[in-house]
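Both of the next two complexes hold chain A, though its partner changes from chain B to chain C.
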Partner chain A sequence: MDEKVPRSKIIETEIPMGTVHPAALEPYRVRLFVEDEIVQEAEITIGVNHRGIERIMEGLPVEKANSLTEKICGICSNAHIWNSCRTAEMGLGIEIPERALYIRIIMGELERLHSHFLYLAHGCEVLAHETFSMRVFYLREIVMELLAMIGGNRVQYGCSVLGGVRPRCDLDESKLLRLKEDMDKVEEGLTDFANRFTSDSIVMSRISGIGVLPQKQALKLAVTGPTLRATGVARDLRTTMFEYDNFDFNVVTQPDGDVKSNLLIRALESFESIKIIRQAIVNIPEGKVVNRDWEMFDTGINESYIEVPRGTLYHSYALESGRVRHSIIRTPSMSNIGAMQYACIGDQITDAQLSIVQCDPCFTCSDRTIEIIRR
Partner chain B sequence: MFENTLINSILAVIGTVLVCFLISTLLPGIERKYIHARIQQRIGPVVMAPGIMAPIKFMFKENVEISSPVPGLYKSLPIICFIVVLCVLIALTPQAYQFPALASLVAVVGFLKVEEICYVLMGALSKSVMSVRMPFPDQVKGAAHLKTTKSFIEDISAKRSLRMITYGSFPLYMALFAPVTAAGSIFLSDIVAYQQANGPFLFTVSGAIAAIVFFIGYMIILNEYPFSIIKAKSDVIEGPYMEYAAKYRAVVYITRGFFMFVLGAIFSVLFIGVPPTILSWGILVNIAVALIFVFMMGIFSAFSPVFTNRQLLPTILGATLLGILSIVLGLL
Partner chain C sequence: MGIKSFSRARAIHVMLVYTGGCNGCDIEIVNSILSPRFDAEQYNVFLTWNPREADVLVVTGPVTYHNRKPLEAIYDAIPNPKLVVAAGSCALMGGVYKNCFADIPSEEIEGPVENIIPVDAKVPGCAVRPQDVLAGVVSLLPTLLDAD
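Right after this comes the complex of A and B.
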């Protein structure tokens, strides 16, 4: 299976956890094979929250299907509807107004901030450090309120539509001013948190060298997103997305691939997101936010990849009489599951959930198949 | 005359226990409301909620069927724990000093060991639905290992509790025996009398070091963060307490608060020389010590993640060495 543990090793005890566990935000089963509290192997199984969204999308009008994709994830809902719209827009050749692109980026980066903050808070919660967890949640609250200001909801904003963004999500001067002021607050709070967190020697001793995922193994398992970048690989799809052409940002990496690297990279990426949002506030052009001047026609399979908070998100479908056919959605957690299983190995049971959490799982989004067991 | 003295003593002990018990019900609320919540900049619960309102609520809840191979024993363990804590408190009262077998450090240590053994039994006897019993098809085609011995997560708690008995609670017992080196006796009456004559043991070098060790041991035996490895939320969740519901859960909550107070009272007796009794204003010292310990524990736990064996072992080793140092200094 890997270099850490030979496959032939005799496993003495199995400790199954889940599908319900307070350290896990989502339902999944993990079988830990342990010897004297040290994890020798791990096996993660998902599939208890399958909703069949791709199946439901089949035959739906593309606008409705796009709205439905937002329901895949409560954390990166905007990313799904954005990428779903993007898939059709690329297939139909729809030109997006530049102002709409900026608003999509602002929403995308705000979503990245709230996802990363949730990750940091959850990581601290699993560490049983409630004080740090609470402090990050307070920061996240500012971001959630900004998302509600723009999209009208704290989740499920319904911002992107074919051809741009909904007019209600347009940003006037007062909204841009609040956005600017709140970015200052978030940056100040995040800097304070990062300083306190990294200077806490007890916390550092708990997270350094835990859940190590070597770079070679990460590439072999096709890991994506910050979990890959935490192993030292500078791969971020935003550098290839045309929407980000006018933005200056750094692709952050960390060297070790452990829990510490994963936590730090989310904090550092949050600073980059703040930088991107500030550039968008300053440079957002005037003009319309949605292009309704386009025609529907049948297309082959259209594909779109974007970088979402957890990694690479893939959407594809064909269009037939304005309806969706052969929809496939691949979320980043699907490829990161292997990393989660690997990261647990060699650590104590207490660290196993932390090693899984460090890969930022979103299993409910990843449930794509279901096996019905007939008894 | 003898009968009057006996009745007065019994009444004094009952009164002391009642006062201590009432104060102890406020301690968990004080910890959560005024320390954890303040540090975390949130409102927190009502002060009486964790120690009084929650147990009352649980008393009147319908009990769920406990999943345990020996349900009777499992259900009786919180009550045994409460009785043990009660016995320790009675042993600390001056009225108990006429019974040397009860009012001695050996008896106190023995009672505390029973408390610890109860955790082992609780962990071993709890078989909750959170792991093996969860109806999930693990051994399906493609599963990596098919013939393994499956273990409940509470079993890990039981093993950890056993480890804590063997070495985890070492600092506490080292600190408990440090005053013995100064007083030259294991009887509480002698230790109190020595301190009333020579001043509190706390204000000696040996006593100050032992007090630090005692505080570490206090947090360990209360299973408080960062030493809560037997009920770490990240793996074993509630650990030994997992299956307790309704009135049994209420007893667990009550015992925890009571245990906090009693440990503070042990410190008052051994390090300050003030035993708990309602016949003396000295009981205020006991209350103050209990509150100080709760405040300190709250601050430490709010700023610490849970320790794994990697951090726990060096901490316990360090605290034990300090305990040895305090005993050696006491002997000099």
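Right after this comes the complex of A and C.
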């Protein structure tokens, strides 16, 4: 695979795509440098979506800033508010009730399910296989309704608050029962989809060996999340998080790093998420869901890393009389951009969009800070 | 009813433009038109990504500085009659991004959408619900069909 290393000669034919392009949901710009329809070099430019969340967060009370981080991303919104609350909780030493941790994990895993289903649906759509796409969208609707049931909104649920979860998100018996029943439905639907998908020889031959990202290159580019695990590296931050101590799950890997591995790993991880949710439903402890008994004091820079559907998410900020200072947010797609560029190389132009989509891009998250250089 | 509006009534094409929101609204809109649960295709509404083909432009997000020109270009490329739906709090009033710290407007945000292109229907919500998007698009259909 080392012959995929870009050559140093000048390539004259350039195909620009974007910033608004049919195959991409989000605005970003891709420049493909091609020779005989084979992509020799790719360049992804983001920055169109920059809204300056960190600037808006600066100086806000920490509770407000937490709910603002939710607006970074509409796909993994819960992950952002969870990690932002976790940052302050670790800095202030707030003890979180056990029940709240379980509810956070249920929300986090439900979100992973809906994010992975969206990925599968979008991937099938880019493959131009609308039937599969529709099937996954239908499955995803079950998860979305569960999220709406727990959080009250289909997208930004605002589940975590400092010291636990919102009392609105507490799970009573009937909600747990519905969660349990719907997990069975999702598992049944997903098994059916996975069987149909893997036994469809046309689709499988279309996606095998496309957009290959070798393991060595993935480690070199600091790729995170399922995209890294699809190259055979069993690295998952959930194994190190104390929230997941009581849960039994496997870190799924796939060997090849191509589109097939990436699609399959999302499907297999969804099964692991269902397993985690089931364990949480059975073992959820009784008690209160939020600990209001804490004091605010000034802290230095607090940091927190968690595993979100796309990889590792990093939040850090300092607290100064209850207000947020020097906020830094690093989202997983930021480090996966290198993988997207590399995966395009060596394939046809037709496969370029597929190679980008296989890394699960979320450029809305990634448009973080613009450094202004004054000359 | 002219032949143009007769044929248009059988295939209303919606184009979604994303101008820097958080992705939540976009996925809900794609969901409302594509997914089998909400299925806008039962009202002969289809999703397209080609401005030349589109009749209704759905705009989400608080138009960021870099997205202003693409949005104007897309609006100009759509043939008449054209209608614009602004969907989501960001598109209606700039959302949480419009002001950084109290009333100081953020330099990154050019929105709301009304400042840039004329808006015919507004769909509120953060994020919009698919049902509301459908209601917004369907409410525009009579205007579009009476056009010529």
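FYI, the second predicted complex is superposed on the first by the 363 of 375 C-alpha atoms of A that agree within 3 Å, B and C clash if a C-alpha of one lies under 4 Å from a C-alpha of the other, contacts with A are read in each partner's own complex, and residues count from 1 in each chain.
Operating definition for what follows: a residue touches a chain if its C-beta (ideal position, glycine included) is under 8 Å from a C-beta of that chain, and two chains touch if they have at least 3 such contacts.
Quick caveat: nothing in here was measured; it's all calculated off a predicted structure.
S.K.: In the superposition on chain A, see if there is space for chain B and chain C together, and answer fit or clash.
M.R.: Clash - chain B and chain C, as placed by superposing on chain A, overlap.
S.K.: For A:Leu228, using the defined touch cut-off, is the partner it touches chain B, chain C, both, or neither? Pick first, second, both or neither.
M.R.: After superposing on A, A:Leu228 lies clear of both chain B and chain C.
S.K.: State whether A:Thr364 touches chain B only (first), chain C only (second), both chains, or neither.
M.R.: It touches chain C, and chain B stays clear.
S.K.: So in the superposed three-chain picture, is A:Ser205 touching just chain B, just chain C, both, or none of them (first/second/both/neither)?
M.R.: first
S.K.: When the two structures are overlaid on chain A, which partner does A:Ala128 contact: first (chain B), second (chain C), both, or neither?
M.R.: First partner only.
S.K.: Just to be sure I read the superposition right, which of the two partners does A:Leu68 touch: chain B = first, chain C = second, or both, or neither?
M.R.: second
S.K.: Quick check for you: in the superposed arrangement, does A:Thr19 touch first (chain B), second (chain C), both or neither?
M.R.: A:Thr19 sits against chain B and chain C alike.
S.K.: Looking at the overlay, what does A:Gly52 touch: chain B (first), chain C (second), both, or neither?
M.R.: second
S.K.: By the touch definition at the top of the document, which applies to A:Leu354: first (chain B), second (chain C), both, or neither?
M.R.: After superposing on A, A:Leu354 lies in contact with chain B but is clear of chain C.
S.K.: In the superposed arrangement, which partner chain does A:Leu118 touch: chain B (first), chain C (second), both, or neither?
M.R.: The answer is second: A:Leu118 touches chain C but not chain B.
S.K.: Identify the residues of chain A that lie in both the chain B contact region and the chain C contact region.
M.R.: On chain A, the overlap between the chain B and chain C contacts is residues 19-23, 48, 134, 138.
S.K.: What does chain A use to touch chain C in their complex?
M.R.: Going through chain A, the ones touching chain C are 19-23, 25-27, 47-53, 55-56, 58-60, 68, 71-75, 77, 118, 125, 133-134, 137-138, 140-141, 153-156, 362, 364, 367.
S.K.: Going by the contact rule set out above, which residues of chain B touch chain A in the complex?
M.R.: Touch residues, chain B against chain A: 36, 39-42, 130-132, 134, 136-138, 140, 143-145, 148-153, 156, 159, 225-226, 228-229, 232-235, 237, 302-311.
S.K.: Using the touch definition from the top, list the residues of chain C that touch chain A in their complex.
M.R.: 17-28, 30-31, 34-37, 49-50, 62, 64-67, 70, 74, 95-97, 100-101, 106, 108-109, 126-127, 129
S.K.: Help me check something: in the complex, which residues belonging to chain A touch chain B?
M.R.: 11-23, 29, 31, 33, 37, 41, 43, 45, 48, 124, 126-131, 134-135, 138, 200, 202-203, 205-206, 348-354, 373
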